[in-house]
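The two complexes that follow have chain A in common; it is paired with chain B in the first and with chain C in the second.
Right, the complex of A and B next:
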C-alpha cells in the first residue's frame, strides 16, 4: 500500500487533471458536489455526502447523443459524444456501490454503449467514511463505510495523510502515473487504517442494530404486498417532488427528448422520475400509474423487490440522501420496517 | 464512434401512406437503399423518430415474410403521431429496433388459432396473421374476430373483407359496436360476438389485442369458453422511451414490457402486477 501526505494533494489534483478530467467534491456557497476540478476550487474531502451523488459522472443528468438536421423531407442523423478519460476522486463507498448497481442495468444485454464507454474511460477513487452520520445505513445493505470493492483505488483519511490502495488494473495504472507524489506506507500505518475501517463498520452496524430494522427478508415479503394497505398511508404524505429519485445513486430512469432551433438540433437523454405523473402517461391518455399511490409504490417496490428479483441485490446503498432531503420525511427505513423488515428481538 | 449506441436510429423513408380511417394511417417504411430497415418477428415493435418532435414506439404491422418494408398502422393521438399524420410520401424518418419478444411462433405451430382484435389493436395481430397465412401448412384453422366502433373505423379493409376470408381454412368475423347506415354485418361488441360464435379450446390458442377494456372482457369470455390462461396470448402497450429495459417506465413488476414483452400469455400476466 501507498500513502500520500495531504500537503501534496494540490499537486495530485494538478497532475491528475493534466491527464484527464478530474471530478472532485467541490464546495461552493456551502454546497458540496462533484465537479470538474479547476485551479482555485475549494475541495472538500470531509463532507460525508455530496448533495447529488457522483452518478452524474457515469450517467450524466443530461446527455446529448445525437444531432439531426431536417431539410424539407430529408433527415440527417449523426451520433454525438462528448467523452474522454476522467478520474472520479472522493466517491464514498455507498456511491461507488451505487455505480456498480447502475452497471447491472446499463451493462446487461443489450449493453448501453454510452454508459459502458464512460465506465471504461474512468478511474474511480473512493474515500472511506470515518464518521457516518445518523442518516447513514449502508451496513444494513451489507456495505462497509470503510471499503468500496467496486473502486479502482481505495483511500483512507488518516489525519495527515491518505492511505492509498490500488484495487484494479486501472487503479494500478493511475497509481503508477502519480508515483512521484506517493510514498510506501509502513506496516503499522496499514494496520491503523484497517483497524479504523473495522471500528467504523462496527459502530455503524451497532447504530443500525439500534434502529431495529433489517431489510434482508423484505424482497420476499414485498412480492405479496402489491395490494397492501401500507401504500395508502405512505403516499398521502408524498408531494411528488421527485427529489428522492434525483439524488438517489441507484435511480436510473431516463427520458429522451429533442431540442431544436429551426430544423436543426439534438436528441438527449436526461434523468427522469417515477414520481412524476407523466412518467407513464401515454398519448392515448391512459396512465397505468395515475396517482401518487401507484408511483410511491413503484419507487419502493423497484428498490426493494423488482430490482433484487432481477439482479439479486437491493437497489439501495444506504447513503441516506432521500432520508435527509425528503420534505415530508417519507423514510425508506420506515417503509422497510412497516413491511416487516424488523430485526428479530426488537420492537 | 458510438457503434453500439442503442438509442441511435437509422434513417429510413416513408414509401407509401394509406389512409385507413379518419384517424388511422398505415405507413410503409423502407431503408434509404430499399428493403426492410430491420429484421424482426411478428409481434415485435420499432421506435420511429421524427426530429424535432421526438420518438415513439409502434408495433410492426407487416409480416416478416414481406422483406421489402416495414408497415405501421398509427392512430393520431399524441405529438409524434399528429406529426406523422401530416407528412407525405418520401419523408425521411428514423427507425430503431426491433424491440420485444414477439409472438411465440413455436408454441403456435400445429395449433388452431383464434385472433380477437378491436380497433387499432389489429395492428400487431395482422403481422402474425399474415405470417401464419404465408406459412399456412404450419398452422391449423385460423379464425379472426375483429371489430371497431363503426364500419368506418375498421382497418386493413382489403385484407379483412377479401384476402383473409379467401385464404384456406380461414374465417373472418366482423362486427361494429353500433348500428350504422350501409352496414349489414354483425352489430355488437367484440367479446360478446366471440362468445356468440363460440370456439372450442381444444388444440387452440387465442391471441388478442385491442383497447384495455375489450381485452378484459375477452379474457373473461375465453375463460368461460374453457380456455386455460396458458392458451391465451395478448400484447401490451405502455409508455416506452428506450426500448431496451433501461429507462425504467414500462415495467410490470420485475418485467419490462419493451424487452420481456410486449407479448405475454394470460398465465404470465396473472403473476404480474396489473399495472397496464
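Right, the complex of A and C next:
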C-alpha cells in the first residue's frame, strides 16, 4: 500500500486534472457536491455525503446524445458525445455501491452505450468514512463504511496522510501516474488503517441495530404488500417533490426529450422521478400511478422488492441522503422499519 | 412544550370521537432527533393514534398546504397552525382553494423552531438523542448527559425574522401568546440592491446553478396552489426537462413572480431546498417592492384585504407605460 501526505493533495489535484477531468467534492455556499475541479475551488473531503451523489458523474442529470438540423429541407442527424477520461475522487463507499447497482441495470444486455462508455472512461477513488452520522445505515445492507470493493482505488483518512490502495488495473495505472507524490506505507500504518476500518464498521453496525433498521426480510414481506393499507400512512405527507429520487445514488429512472430552436436541436436523456405527476403518464392521458399513493409505493417497492427480485440485492445502500433531506421525513429507513413490523400477508 | 403536546392529543381525540371532523393533521415524532413530520389521523377515536401527536422544536412542516389535497375528500378537517401556517391558510382561503367552514384551526403560539443545520454546524449533532426547549434555552440530550444553550442561536433564520408567531386566524388558541421580536428581514435584500445588474445576475446564476429542479420549493409553498402547474404540463412542455441554467432561471423567475403579492414569507421554500438556494431573498425583494410601491402589505394576514397586485385603481402609483 501507498500513502500521500495531505500537504501534497493540491499537487495531486493539479496532476490528476492535467490528465483527465477531475471530479471532487467542492463546497459552495455551504453545499458540497461533486464538480469538475478548478484552481481555487474549496475541496471538502471531510463532508460525509455530498447532497447530490456522484451518480451524476456516471449518469448525468442531463445528457445530450444526438443533434439534428434541417438544411435545404433535409434532416441531418448526428450522434453527440461529450465524453473523455475522468477521475472521480472522494466517492464514499455507499456511493460506489450505488454505482455498482446502476451497473447491474445499465450494463446488462443490451448494454446502455452512454453509460458503459462513461463507466469505462472513469477511475473511481473512494474515501473511507471514519465517522458515519445518525442517518447512515450502510451496514444494514452488508456494506462497510471503510471499504468500497467496487472502487479502483481506496483511500483511508489517517489524519496527516491518506493511506492509498489500488484495487483494480485502472487503479494501478492511475497510481503509477502519480507515483511521484506517493510514498510506501509502513506496515504499522497499514495495520492502523485496517483497525480503524474494523472499529468504524462495528460501531456503525451497532448503531444501525439500535435503530432497528434491519431490511433483511423486507423483500419477501413486501411481495404481499402491494395492496396493503400501510401505504396510506406514508403517502399523505409526501410533497411529491424530486428530492428523494434525485439525491438517491441508486435511483435511475430517466426520460428522453428533445429541444429545438428554429431549424436545429438535440435529443437528451435526463433524470426522471417516480414522485412526479407526469411519471408514467401515457400518451393517451392514462397513468397507472395516478396519485401520490401509487407513486410513493413505487419508490419503495422498486428499491426494496422489485430490484431485489431482479438482481438479488436491495436498491438502497443506506447512504442516508433521503433521511437527511426529505422535507417531511418520509425516508426509507422508517419505511423499512414499519414494513418489517408487519407480518407477511397481513393487511 | 410537553404540556402543549398533551393538549393537542386530547383535543384531537375529542374532535374525532365527537365526529366534528374526519381528519386531524398534526405532527408526529420520527426516530431521529430532528424528525417531526406531518401526521394524518382519521376515523372516529383516530384509531388510537392521537396519542402519537407531538409538539416540539422541529414541527416545522407547514400543515395548511395539505388542505389542497385533503379537503376535497373530507367533510371537515382540523389542523394545528403555527403563526406561519396560519398565514399560509389565509392565503389558500384568499386564493379560493379552501372553504373556511370546512376547517377547524387550533392555533399554536410559536417561539421559533430549531434548524438542524445550525445544530450540526455547531458540532452538537454527534450522538444527539433529543433536543428539548426550556424557555429561552435548548437542552441537548446525549447518552453522556445534557448540554444547554441559548435557543436563539439555533432557530431557523425565518423564525428569527418572524413577525407573526401567533396565528392570525384560529378557532381555538392553545396557549399563551408568544413574544413578537422579529429581527430586520430585508437586510439581505438591501445587500442585493446594492449590487449592479451584472453582479446580481452573477449572484443568482451561481445560486441557481445548484438547483436540481426537484420542485420542492413549489410543492411546499402555500401560495403555489394552482390545480395544474404550468411546469407539470407535458404538452406543450413550457419548461424543458434539461437541467440547464437558462431553464432553471425561467422556472425560478416564473415561480417568484407567480407568488409575488401572495407569498406569506413563511420561508418553507428556502427550508426545503436541498441545495441552500436563498429563495426567500427573492421573495422578500418582491415584498419590499410591493411595500414601497403600494404601501405596507402582508399577504395572509387578512384574506378580505385587497391584494395590491390584483386590485385595479385609477390612481395606481405605478405607470402603465415607461415614461
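Just so it is clear, the second predicted complex is superposed on the first by the 335 of 347 C-alpha atoms of A that agree within 3 Å, B and C clash if a C-alpha of one lies under 4 Å from a C-alpha of the other, contacts with A are read in each partner's own complex, and residues count from 1 in each chain.
The definition used in the following text is that a contact is a pair of C-beta atoms (placed from the backbone, for glycine too) under 8 Å apart; a residue touches a chain by one contact, two chains touch by 3 or more.
Remember, it's a predicted structure, so these values are computed and weren't measured experimentally.
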item: Superposition on chain A - do chain B and chain C clash or fit; value: fit
item: From chain A, separation angle of chain B and chain C (C-alpha centres, steps of 10 degrees); value: 90
item: Partner chain(s) touched by A:110 [first = chain B, second = chain C, both, neither]; value: first
item: Chain B versus chain C as contact partner of A:252, first or second or both or neither; value: first
item: Touching partner for A:226 - first (chain B), second (chain C), both, neither; value: first
item: Touched partner set for A:68, first chain B, second chain C, both or neither; value: first
item: First (chain B), second (chain C), both or neither touched by A:281; value: both
item: Smallest distance from any CA atom of chain C to any CA atom of chain B, in Å, after fitting; value: 6
item: Contacts on chain A seen with chain B and repeated with chain C across the two complexes; value: 255, 257, 259, 272, 281
item: Chain A - residues contacting chain B, complex; value: 65-66, 68, 70, 73-77, 79-81, 105-106, 108, 110-114, 116, 226, 252-260, 263, 265, 267, 269, 272, 274, 279-284, 286, 288-289, 294, 298, 301-302, 305-307, 309-310
item: Chain A residues touching chain C - in the complex, by the definition given at the top; value: 28-31, 33, 51-52, 61-62, 64, 131, 133-135, 211-212, 233, 236-237, 239-243, 246-247, 255, 257, 259, 268, 270-273, 276-278, 281, 292, 323, 325, 327-330, 333-334, 337
item: In the complex, chain B residues that touch chain A; value: 1-11, 49, 51-56, 77-81, 87-88, 90-94, 212, 237-239, 241-242, 244-251, 253-254, 273, 275-276
item: Chain C - residues contacting chain A, complex; value: 30-33, 35-40, 61, 66, 69-70, 125-126, 128, 206-207, 210, 212-216, 219-220, 232, 234, 237, 240-244, 271-272, 274-276
